[in-house]
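In the two complexes below, chain A is the common chain; its partner is chain B in one and chain C in the other.
Showing the complex of A and B:
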C-alpha cells in the first residue's frame, strides 16, 4: 500500500512546523506537505492527488472556505478538513455545508485531530473501494448480460 | 553938723554901702538870674530839642503804630485765613474720617470679596481637577472601547501561539513516549514552544500596557516607535483583511513630547477607522507618512476607502458621532483622538476628496532640539 499523503494549508509558519511533525509522530509513514496560502495549495493540488487536505479557515487572500470550494470542483474526492478558531461554530457549519468532511477547533487536540484525519481518510478509502467495487460489479453485470445474450442466441 | 555931716556922711556912707551891697546883691542875683536864664535857655533849648526829638519820636511812633496797625490787621486777616484753614482742615479731617470709615468698609468688603474669590478659586480648582479626572476617565473609557474592538482580533492572535505551543509540547511528549533517544529533536520542539510563548507574552503585555490606567505623564518619545507599536496591535487584523499598509516616516527620527500610550491610541483609532473604511474597497490600502518640518511634524494617515460623505468632515470629531452600524463603533474614537492631539498642542483635520478615500492630517510640535528620548 502506498504511504498516505496529506497537505496542510496555513499562513502561520509555526503551525506548518508543529502540525506536520505531530502527524508524522502519530501516523507512522504519513507524508505531509505544506502550503502557506490557498493559491500555493491549489498549485500543489493540481500536481498531486492527496489523501486528505487540512486547511485553516482564516487566511489573507483566499480564505479556507474559498479554497474548500475550489477543491470541491477540482478534486471532489479528496476529503478536506477545516481548522477553525475556538467558538467559531457558525463558520464550522458553513464549512460542513460547503463540503468539508470535518472541522477541527483551535487549539488543536492532537488525539481528536489524528482520529478525525484517519476517519476522513478511511471514509475516503472506503468510498473509493465502494466505487471500485461498484465499477467491478458493473463490469460483471455487463459481462453477465453478454453471456446471457450469447446463451439466448445459442438456445434460440 | 559935722556930726550931722558926719552923721550925714556916715549915713550916706551907710546908705552907700548898703546900696552897694544891695547892688552887689542885685548884681549877684542878676548874674544868678542871668545864669538861671541862660540855664533856662539851655534847658529851653534842650527842651526844645527834646521836644523835637519827642515830636520825631512821636512821628516815628505813629509810623510804628501805623505799621503795627497794619501788621495787626494783616495778622487778623491771617488769623482769619488760618481760622478758615483750620475749619477747612477740620472739615477735611472729618471728611477723611468719613473716608476712612468708608475705606474701612471697602476694605472689609474687599476682604469678603477676597474670601469669596478664594472660595471660588478653590471651587474652580476642584472643578478643574474634576474635569481632569473626568477627562482621564474618558480617555480610559476610550482606551477600553478601543481595546474592546481590538479584543476579537487579538483573541485570534493569541489563539495561534497557544495552539502552536500545545502542538510543539505535544510533539515533545510524543517523542519522549516513543523513547526517542535523540535529544536534539525534543529540545527543538520545546524551543519552538518557547518562541510561541514569548510571542503570546508580547501580545498580552502590550495589551496590558495599553489598557492600564496609567497617570498621564509626558516625556520625549519617538513617533516612529509609537506608530510601530500601534501597528503591531493591528497587524494581524490588517493582514487577515489583506489590507496593505505602507509606512514612510522619512529619514528623521521625530521626537515629540507627550504620552506614549495616548499617542498610540490615536494611531490605533485612526487605523481602526481606516480598516473599516477600506473593508468594501477593491483596493485596500493604508498609507502612513510623516515629515518633520521646523518645530512641527506632520503625520498623515490615508486610506483607499470610500471617503467621508461631504458635510460630515466637521462632525466626525464630535463625541458619539458615528457612521458605523449600532454596536460596531462607539463614536468616541475620533473625538478622543481629537482631544489627545489637542492636549499635545497639535491639530488634527481630515480631507476627503470625493472618491479618493480619507486622509487624516496631524500636526504635532516637535520636542525642543537636544531633548533626550525617554527610555522606553
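Showing the complex of A and C:
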C-alpha cells in the first residue's frame, strides 16, 4: 500500500516546520509536504492526489477559503481541514459551509489536530474503498455475464 | 412504517404554523409534520423515516444540539437543518460539527430556507440511489454466480459423486485433519451429530460427508435450513400435515422427516427453531416418531439426525433460548469446525478455489502474488471458507494471470473502518456525511440487528420493518452471520 500523503499550506514558516514534524511523529508512515501560499498549493494539488489537505484560513493573496473552493472544484474528494485563529467562528462557519471537513483553532492542540486529520483521512480512504469495490464488482458482473452466455451457448 | 416528508421541530408556535405553510406553497406535494419539543420529535422519528428534519437550536428541555446528536445515532442518513438566532456563531459551529447539513438564521429568509431544504433532500435522494444501485449490483452478481454454479453442476459428469466426500474438507490443515478423523469415526454409528462452526465453515459439507460414509448413503439426504422457513410454517415443513389440517391444506403432505426416510435429515441453523417446535423435535428424537399436523396418529420415522449451528448451542441453552433436553439429545457427538482465520491453510484453500474457478469460469489466471497473499492472510474472513471461495472466484474474473492486491478490491469493506471509535471526538460535518454514505453497506448489518431486536427475533416482522422480503432478509442475515435466536427473549 502507498503511504498516506498530506499537504500543509501556511504562510507561517514556523508552522510549516513544526506541524509536519508532529505529524510524522504521531502518524507513522505519513508523507507530509508543505506549501507557503495557496498558489503554490494549487500547483502541488494539480500534480498529486493527497489524502488530506490542511490550510491556514488567513494568508496573503489567495486565502484559505478561496483555496478551499478551488480544492472542492479540482479535487472534490480530498478532505480539507482549515486552521483558524482563536474565536474566529464566523470564518469557521464559512469554511464548514464551504465544504471543509473540520477546522483546527490556533494555538493548535497537537492531539486534536492529529485526531481530526486521522478522521478525515479515514473517511476519505473508506470512500475510495467503496468506489473501488463498486467498480470491481461491476467488472465481475460484466465478466460473469460473458461466462454465462458462453455456458448457455455450449449447453444448447 | 410510512415514508418521506419533512419534520419541523420548534417550541415557537408561530414558526410551527408559518413554516409548514410556506413549505407546502413552495414545494408542491411535500408532507410537513411538526413537533413542539425534541421529545415529541424523537417519538415521530422512531415511527417515520423523514426526508429531512428542521430543528430550532434553542428549545426548553432537550435542545436542538442534543436532538441533532440523537438523530445522527438513530437516523444517521436523515439530513438535519438547524434554525439559529442571528450571529450565534458558536452554536452554529457546534451544530455543523455535530453533523447538521446546514443552518438557517432567524429571521428566516423563506427563499434561503426552501433552497437549503431542497439541497439537503436532493443529496439524500442521490445517496439513496447510489445505495440502491450498489445493492442491485450485488444482487445481480449473486444471481449470475448462482446461474454459473447451476450450469457447472449440470455439465459436470456424475463421476464427481464417487469422489471421496472428504476431499472438499481436506487440504493439509492440522485442524481439518482432526475433523476428518471425527467424521470417519462417527459416520457409521447410529449417533446424532451436532456440527458447530461459524457461518461458511462447511457444516453442510461435514453433514453430507457423514451421510456418504454411512450405511445410509443410498437413502436420501434431506437438508432443512431452519432459519429460512418462517416460524409459522416450520412444523408443517418438518412433520407434514393431513388434508384440512389448516386453511389452505388442500391435500395431505409429507414432512421432511418422512421424506428423509431411512436416510439423513440435516437440520441446519437449528438454533432458529422456535421453542414450541423444539419440544416436538424432542419427541421425534426420543420416540422416533412424528405427528403430522391435523393427524391423531403418530408416524414412525427412521432417520438419522444431523444438526448444525453457527452459535455454540450450549450458550443458547444457558440463555434459555434453546431447550436443554433437545441439546443433550443432539449433543451425542459434536464436531466443531474452526473458523478460517484460525486455520493454517488459507492460501492452500485459496489456490484450490483459484484452480476450480480457472476451469469453471474458463479463466487464465493461475497464481496469487505475494502481496495479494498478504492481504488474504490479514483479512478476518467473517464469512469463512464460503467467503474465501467467493472472493477468489471474483478476483479471478478481474485478473488476467496473477491475482494482485487491486483485484482484491472485491473484498468486503472492513466494518471497523466504517464504525467510529467511541473514544474519538465525533467526526465533523461532511466527513461524517461521507462516512455515513460509505458505511451504508455495513450499516445494513446494524439495521438488521436493530430490527430483530425490536421484533424480538421475529424475522417476518423484521422483514416488514426493513421493507424487504423474507428471503432477502434471510440471505443478508446469513451474509452478516446474524442469527435470529440471539434476539429472542429468554
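Before moving on, here are some points about what is shown:
Basically, the second predicted complex is superposed on the first by the 136 of 156 C-alpha atoms of A that agree within 3 Å, B and C clash if a C-alpha of one lies under 4 Å from a C-alpha of the other, contacts with A are read in each partner's own complex, and residues count from 1 in each chain.
Keep in mind that, in the parts below, a contact is a pair of C-beta atoms (placed from the backbone, for glycine too) under 8 Å apart; a residue touches a chain by one contact, two chains touch by 3 or more.
This structure is a prediction, so every number in the text was calculated from the model and none was measured.
When the two complexes are overlaid on their common chain A, residue A:26 makes contact with chain B while staying clear of chain C.
In the superposed model, A:49 makes contact with neither chain B nor chain C. Greater residue coverage of chain A by touch, when chain B is weighed against chain C, goes to C. Legend: residue contacts after superposition of the two complexes on their common chain; A:125 is shown touching chain C, with no touch to chain B. Applying the stated contact rule after C-alpha superposition, one finds that A:107 touches chain B and leaves chain C untouched. In the superposed model, A:90 makes contact with chain C only, not with chain B. In the superposition on chain A, contact is made by A:134 with chain C only, not with chain B. Residue ranges on chain C touching chain A, taken from their complex, read 89-90, 92-93, 96-97, 102, 134, 137-138, 140-141, 144-145, 147-148, 151-152, 154-155, 361-362, 394, 397-398, 405-407, 409-413, 417-418, 424-425, 427-432, 434-435, 437-439, 441. Taken together, the chain A residues at the contact with chain C in this complex read 1, 79, 89-90, 92-93, 96-97, 99-103, 112, 115-116, 119-120, 122-127, 129-130, 132-141, 143-145, 147-148, 150-152, 154-155. Residues 12, 14-15, 17-19, 21-22, 25-26, 58-61, 85-86, 106-108, 110 of chain A are the ones touching chain B in the complex. By the touch rule above, chain B contacts chain A in their complex via residues 155-156, 159-164, 166-168, 170-171, 174-175, 178, 189, 192, 195-196, 239-242.
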